[in-house]
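Look at the two complexes coming up: chain A is in both, with chain B in one and chain C in the other.
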Partner chain A sequence: MNFWEFVSSTHQQLLTDAYQHASAVFQCMVVATVLGVLIGVATYRSEWAGNLATLTTSTILTIPSLAMIGLLIPVVGLGVPPTVIALTLYGLLPVVRNSIVGLRGVDPTLVDAAKGIGMSRAARLLRIELPLAWPPILTGIRVSTQMLMGIAAIAAYASGPGLGNEIFRGIASLGSANALNQVLAGTLGIIVLALLFDAAYVLIGRLTIPRGIRA
Partner chain B sequence: MRRVPGDRDKRPPKERGTRLPKDRDTKLPQDELPGTGLPDGERDYEELLAREERAAEQQTLGAAAVRAREPARVTWQKLTYLPAVVAAVLLATWIWFATADLDPISRNALAEGVVWLRLRQHVALTVISTFFVLIIAIPLGILLTRGRMRKAAPFAVALANIGQATPAIGLLALLVIWLGIGQKAALIGIIIYAVLPVLSNTIAGLKANDPTLIEAARGIGMSPLGVLGKVELPLAVPLILAGVRTALVLNVGTATLATFGGGGGLGDLISTGITSQRMPVLMLGSVLTVALALLVDWLASLAELGLRPRGLEVRR
Partner chain C sequence: MPETPDISGTPRTAQGSEAAAGGPGRSGAATDSGGADASAAHGKTGATIELENLTKQYPGSAAPAVDSVNMEIKAGEIVIFVGPSGCGKSTTLKMINRLIEPTGGRIRIAGEDVTDMDPVKLRRKIGYAIQASGLFPHMTVARNIALVPKMVGWPKSKIAARVEEMLDLVGLDPGEFHGRYPRQLSGGQQQRVGVARALAADPPVLLMDEPFGAVDPITRDHLQDELIRLQRELHKTIVFVTHDFDEAIKLGDRIAVLRERSRIAQFDTPEAILTNPADDFVSGFVGAGAALKRLNLTRVRDVEITEYPTVKIDDPLQDVFDKLRSGSTNEILLLDRRGRPYKWLRRGDLMRAKGSLARAGTLVADTVTRDATLRDALEAVLTDNTGRVAVTGRRGEYEGVVDMETLMNSVHELLEADRLDAIEHQHHLEEVRAHQTHADQEGDGGGARA
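Presenting the complex of A and B:
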C-alpha cells in the first residue's frame, strides 16, 4: 500500500485525529493565552514579580515534556487531563514573557497622556496598553502554538488525543507494511496543522493589530 | 552624497549620553534642523537615524545601569539556589524509594545498575548530540552570512521555521524506520532537531552586528578572516552562547524520546513506567529527567555568564 492509498483508506481516522489534535492545542492555547496575559498584567509593574513570573515559566519550559507528563500521570491519571495540563503549562512561557515585555515597552508618555485626559486605570490598560502590547503577545501565542503541536504528539503516549496516536501506532508496529505510512501521516498532518495555525495567526494579526502601529 | 557615520550627531558624546527619555520627540538640535542644505528626503532619513541611535543609546544606558547594581556576574545565589533545590528533590525521592514497597515488576525495571546506565546513556546522548549540533550549525551559520552565500540565508531561516513545526517524535520515528532501531537513529534525530534553531540563532547574531564596526575593521585593512575572527565572532558570542544553551536544553528533552527508537536514556524508565503502570518507575524516571534538565540549563547559564566577552559588558 503506498502512502496515498493508506491516506484514502484511513482518512476518517486521520481526520478525527487531526481534529482532536487541533482542538486540544487550540483550547489549551486559549487557556494559556488568558492565563498568560493575566499573569503579565499582574506582574509587569514590579521588576521583581515580572522576573519571577518569567523565571518560573521558563523553568517549566526547561522540563522535557515526556517527564512532565510522567510526573502528572500519578496525580491525574492517563488520557486527557495530563495532556491538557501539560499543554497549558508549556504554552504559558512565551505568552507571559511577551506580554510583560510588550506592556513594559509601551511609551510612558502615552499612558501619561491617557491619565491626563481622565481615563481610569482599567480603561488605560484595556484601551491603551494592551492594544499597543498586542503584536508581541500575538507573536508569543504563535511560538507557543508551534511548540504545543509537537508536545501534543508526545502526549499521545499517555493516551492523549490527536495525531501522535498515528505516530505511536507506527512505532509499535515497526517493520510492518503500514508503519512508515502511519508515522508519515501523523508527522505530515502535524506539520500541516502547524502551518494552518500559523496562517490563521497572520490573518488574526491583520484583523486585530490597530492600524496605527502596524509595521 | 556619502557621509561619515559619526557625522550625524555633532554634540559631544557626554551630552548625548545624558539625554532624558522625554527629550526623544522634542526638537532636534540646531545642526539637524532644516537649512543645513540637505534635500528633504535626506533630512528625514538623517532624523530617523539619529532617533534610532538615541533609542539604542538609551537602551545600552539602561542596561549599564542595571549591571552597575550587580557588579559580580556570577552571584552566590545563582551558584547555590538551583543545585540546592535539585538536591533536595533528589534526596526526597531517594528517601521515598528507601521506604517504598516495590513489587517484582518495579524491582525488575529498576534492577541493580539499570537506573545508573539509563542516566549515563542520557548524558551521553545529550553531550554527543550537542557537540555535533555545534560543529554543524555554527560554521554553517558563518558560511551563510559570507559573500555570495548570503542569498541562501533567508531560505535557511525559513527552513528552520518549518523545521520547528515538525514534531520531534515524528522525525525520530521516521529515522528509526529508515536507519533501524538503535542509538544511531536517535542521535541523528536529536541532532537534526537542534541544528535548525542554533543555525538561525547564529545567523541572527552575525547579522545583528553593527555594520559600521565591520566597515571600520575593513577600513583599517583587516582581512576578511581577521574581520570575522576579531570583530564579528566576538560580538556575536552572546547570541551564539544562547544558541548553545538552547541546544543543550532541547537535546536533554529530545533524548527522552530516544527510548521509542531503542536508544535508551531516562525516557526508558518513563515509558516502562507508563506501559507497565508502575508509578514508582515512572516517578523516578521523570524526577531524574527533570533534575538533569534543570542542572544542564543551570550549567549552561553559568557558562553563558562566564564566557561573555568583557568588552560587551562595560560600555562606559
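Presenting the complex of A and C:
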C-alpha cells in the first residue's frame, strides 16, 4: 500500500484526528490569549512584575512537553485535561511577552494625549493602548499557535486527542506494513493544519488591524 | 461674575461666535481696561483661570520644579508661557488639567476650585493640544475629532455635524480629510486636526504645549495665523507653552516670561515686555532686534488696506488694455478665475507677450492675509519687489493691497508710540518712587493716622 492508498483508506480516522487536533489547539489558544493578554495588561507598567511574568512563562516553556504531560497525569488523570493544561501553559509565553512589549511600546505622548482629553484608565487601555499593541500581540498568538501544533502531538502520549495518535501508533508498530505511512500522515496533517491556521491569522490581521497602523 | 461662563458650559457653534466676533483684531488691546467686559460683548466662551501658590515637587528631587506660581488669566485671552527649556512650563501647564497633580496650591477655573475635582471629568472640559499632534494613528481624522464629544455624550447626529464643522474651522476640507488616517496627513495638517480635536466639545479653556514645535517654519507661521483667526472667532481662554519668544510675541495677548522653577520674571503684554523688559533675564530673552520684533505685534488688518486696479483673467483683452492705459498706476493686478491674485501686469507687458495673458506679467510670489503680521507683510513686499503685497481673504481671494509706504509709516508711528509709552512708564515709576519716599518720610509721624 503506498502512502496515498493509505490516506484514502483511513481518511475517516485522519479527518477525525485532524479535527480534534485543530480544535484542541484552537481552544487552548483562545484561553492562552485571554490569560496572556490579561497577564500582560496586569504587569506591563511595572518593571519587575513584567519581567517576572516573562520569566515565569519562559521557564514553563523550557520544560520538555513529554515531561510536563507526564507530571500532569498523576494530578489530573489521562485524556483531555492534561492536554488542555499543557497546551495552554505553553501557549502563554509568546502572548504574554508580546503583550508586554506591545503595551510598553505604545508612544507615551499618545497615552499622555489620551489622558489629556479626558479618557478614563479603562478607555485608554481598551481604545488606545490595546489596539495599538494589537499587531505584536497577534504575532505572539501566531507564534504560539505554530508551537502548539507540534506540542499537541505529544498529547497522544496521555491518550489525548489529535494527530499525535497517528504518529504514536506508527512508532509503536514500527516495522509493520503501514507504520511509516501512519507517521507520515500524522506529520503532514500537522503541517497542513499549521499552514491553514497561519493563513487564517493573515486574514484575521487584515480584518482586525486598523488601516492606519497596518504595515 | 455674570459674564463668566460655567466650566460645564453648553457647547455653542463656531459660526455663532463668529457672527458675534469681528471687533478689534487683538483682544489684547482690551486686556488693560476691563477686558472681560469688552470681550463679553463679542460672545466670549472662555473662562478665567487662577493659579494660587501652585507648586510641584517631583518625588526624589531636591528643589520643586514649579515653585509657588500665582497667576490670573482672564477669560478669552491667550497667555503664553515662555522660558528656557526645563524651567517648568510644561509642568505648570499640565497641572491646570491635572495631568500632573500639584503638590501644593489651588487651581480655579471660572471661579470653581478644580484642585480636587475628578481629573477625568475636568479634562473633558479643557482642550489639550500637544507637540506632534498626539493624534491616534489607528483612528480616522473624524474619529479622532469625535472622541471628546462622544465621551461627554453628545448625540450621534450632532457629533457628525460637529466633526465637519471643526474640520472646516481649521481649514481642512471635510469631504477630503474626514476618512483619512493621521499618517496620510502632512505635519501641519495633523496639527490642525489636533487643534480641531482639542476644540471639538467646545471647552472654555484650551491648553497647548509647544503645539507647533515639530513643524517646519513656514507651516508654523501658517498655523500661528490660523490660531489667531480661530481665536478671534472663538474667544477661548488659551494657555500656550513655547520656548520661542517670537512665537510668544506673535500669539500672546499676554506673555509670562518664566525663569527656573517657573518663577514669573514678567507677566505683561508683548508691547510692554518688548519696550520695558523687567530685568536682564527678560531682556536676554527678548533678544536683539526689538524694533523688528515690534512688527510682529501689528497685523495687516490694523493698517490701511488700499484698493488697487484689478482685472480678471476672463475679462476681454480690450478691457485690460483700457485699464492699463487709463489707470493712475502703471501696473495692475490680474486675478484668476476664483478671484485670487495671479500676476502683476505692467504697461508694455502685454505688448511684449503679443497679447497673451498667459505669458504676460510676473507671477504673484507671495500674499498675506489680514491676520498676517506687518513683519510678514514687509517680507512679502521685499520678495515680490513690486513695492506692495496683495491681501487675501480666507480662501485666497483678493481683498486689497498694502504698500511699502503704508508699512513704513505704520512702523514709524508704532515706534514713536512705544517711545512715548516708555517715557510715560518711566515717569510713572519715578512718581511712585517719589511718592514712596515722601510717604516714608512722613511715616514716623503718620502712624496714628493710619
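One rule holds for everything that comes next: the second predicted complex is superposed on the first by the 215 of 215 C-alpha atoms of A that agree within 3 Å, B and C clash if a C-alpha of one lies under 4 Å from a C-alpha of the other, contacts with A are read in each partner's own complex, and residues count from 1 in each chain.
As a convention for this text, a contact is a pair of C-beta atoms (placed from the backbone, for glycine too) under 8 Å apart; a residue touches a chain by one contact, two chains touch by 3 or more.
Because the structure is predicted, anything quoted here is derived from the model rather than measured.
With both structures placed on the common chain, the touch criterion links A:80 to neither chain B nor chain C.
Using the contact criterion defined above for the overlaid structures, shared-chain residue A:154 touches chain B, although it does not reach chain C.
By the touch criterion stated above, A:31 is placed in contact with neither chain B nor chain C. By the document's definition of touching, of the two partners only chain B reaches A:171; chain C does not. In the superposition on chain A, A:60 contacts neither chain B nor chain C.
Of the two partners chain B and chain C, it is B that touches the larger number of chain A residues. In the superposition on chain A, A:109 makes contact with both chain B and chain C. By the touch criterion stated above, A:49 is placed in contact with neither chain B nor chain C. In the superposition on chain A, A:210 makes contact with chain C only, while chain B stays out of contact range.
Judged by the document's definition of touching, chain A residues 109 lie at the interface with chain B and also at the interface with chain C.
In the complex of the two chains, the chain C residues touching chain A come out as 97, 99, 120-128, 130-132, 134-140, 147-148, 151, 181-183, 197-198, 207. Against chain A, in their complex, chain B makes its touches with residues 21-22, 25, 162, 164-171, 173-174, 176-177, 181, 249, 252-257, 260-261, 266-267, 270-271, 273-274, 279, 282-283, 285-287, 289-290, 293-294, 297. Looking at the complex, you find that chain A touches chain B at residues 59, 62-68, 70-71, 73-74, 78, 108-109, 146-147, 149-150, 153-154, 157-158, 164, 167-168, 170-171, 174, 179-180, 183-184, 186-187, 190-191, 194-195, 198. Taken in their complex, chain A has these residues touching chain C: 109-110, 112-120, 123, 128, 131-132, 210-213.
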